[in-house]
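We call the chains A, B and C, going by the order they appear; numbering starts again at 1 in every chain.
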Amino acid sequence: MTTPAVKMIMVYVTTPSKDIAMTLARTIVGESLAACANVIPGATSVYQWKGNIEECAEHVVILKTVESKVEDLSERVRSLHPAETPCFVAIPIEKITADFGEWIIDSTKTVSHN
Amino acid sequence: MTTPAVKMIMVYVTTPSKDIAMTLARTIVGESLAACANVIPGATSVYQWKGNIEECAEHVVILKTVESKVEDLSERVRSLHPAETPCFVAIPIEKITADFGEWIIDSTKTVSHN
Amino acid sequence: MTTPAVKMIMVYVTTPSKDIAMTLARTIVGESLAACANVIPGATSVYQWKGNIEECAEHVVILKTVESKVEDLSERVRSLHPAETPCFVAIPIEKITADFGEWIIDSTKTVSHN
């Protein structure tokens, strides 16, 4: 366990379908904007819109990355997401196992040549 | 991306059924105590009770709000939750996309007139 | 609501099967390394490995504990986890309801005698 020397972030995004969630996950990981993505299905979002309570099905996408990638990551999510104002929230990682932290750093340095 | 000027919080709550999770989500969003709720089904909780390991089914509820609403939000969760000691944990939001942050501020200001 | 006097942590781990997730949850709670675990099924992980995008099924395990247990907890997760480099990330808890915070402290003090 270590306090990361390079600041790390967990990003929480919601998406309206499995297709969009998986496209977003594959694109962002393929472009090394995050080391990994976890897609969690079956969520229901509840929010207000013009005074009414609205509900919709969501897939949550959780991304782990270095802080220096978060700005570009947020732009990429916006370009791939159908909503005008996607849910995009960055949570601090306080501690991390040393090898997993190094893996995140390595995975966000590498440029994919697929 | 921006560091929110108004401090923002992600709240993590667990509930014993979909009905309770959805009632909690709709009530809290309807009362502008949070901008949105994501209900995640199918979780299993494991904990100790009087020396035994207990397990139960849970729906996780994730709420996004401004810090100034967290106290009232926790009281409302308690009033709607069947457990004596509900799981209620507040996680800091370090960065957020500017428009999503503004939407959270607006959505927690508005009083619902439903 | 209170800012915890004893620093508290939410740990986010991913595991490749329900069996591993539940064994990990029961062992860690049974050894008082965390007060509770929430196992969330049905996730898909996306990551890069040697230039290819890989995908696998995951169960997410979310653990709530005091910061002083996180080091031992990470060692225990490693001993129970089949991956060489498990995903193990510690997120700060900024605020917590007073009684739930006390329950976490109590539950991580008690040694199980099962």
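Miscellaneous remarks
In the analysis below, contacts are C-beta pairs under 8 Å (C-beta built on N, C-alpha and C of every residue); 3 or more make two chains touch, one makes a residue touch a chain.
Chains and their UniProt names: A, B, C = Divalent-cation tolerance protein CutA.
Keep in mind that what you see is a predicted model, and the values were worked out from it rather than measured.
Taken chain by chain, the contacts link every pair, so each chain touches all the others. Two copies of one chain, chain B and chain C, form a contact in which under half of the residue numbers belong to both partners.
Chains compared, chain A against chain C: the Cα-based superposition rotates one onto the other by 120 degrees, nearest 5. The mean-CA centres of chain B and chain C are about 20 angstrom from one another, to the nearest whole unit.
Each of the following residues of chain C touches two or more other chains: 40, 42, 91-92.
Within the complex, the chain C residues that touch chain B are 1, 8, 10, 22, 25-26, 29-30, 32, 35-42, 62, 64, 91-97, 99-100, 103, 107, 110, 112-114.
Every residue of chain B that touches chain C in the complex is listed here, in rising order: 9, 12, 14, 40, 42-48, 51-53, 58, 60, 70-71, 74, 78, 84-92.
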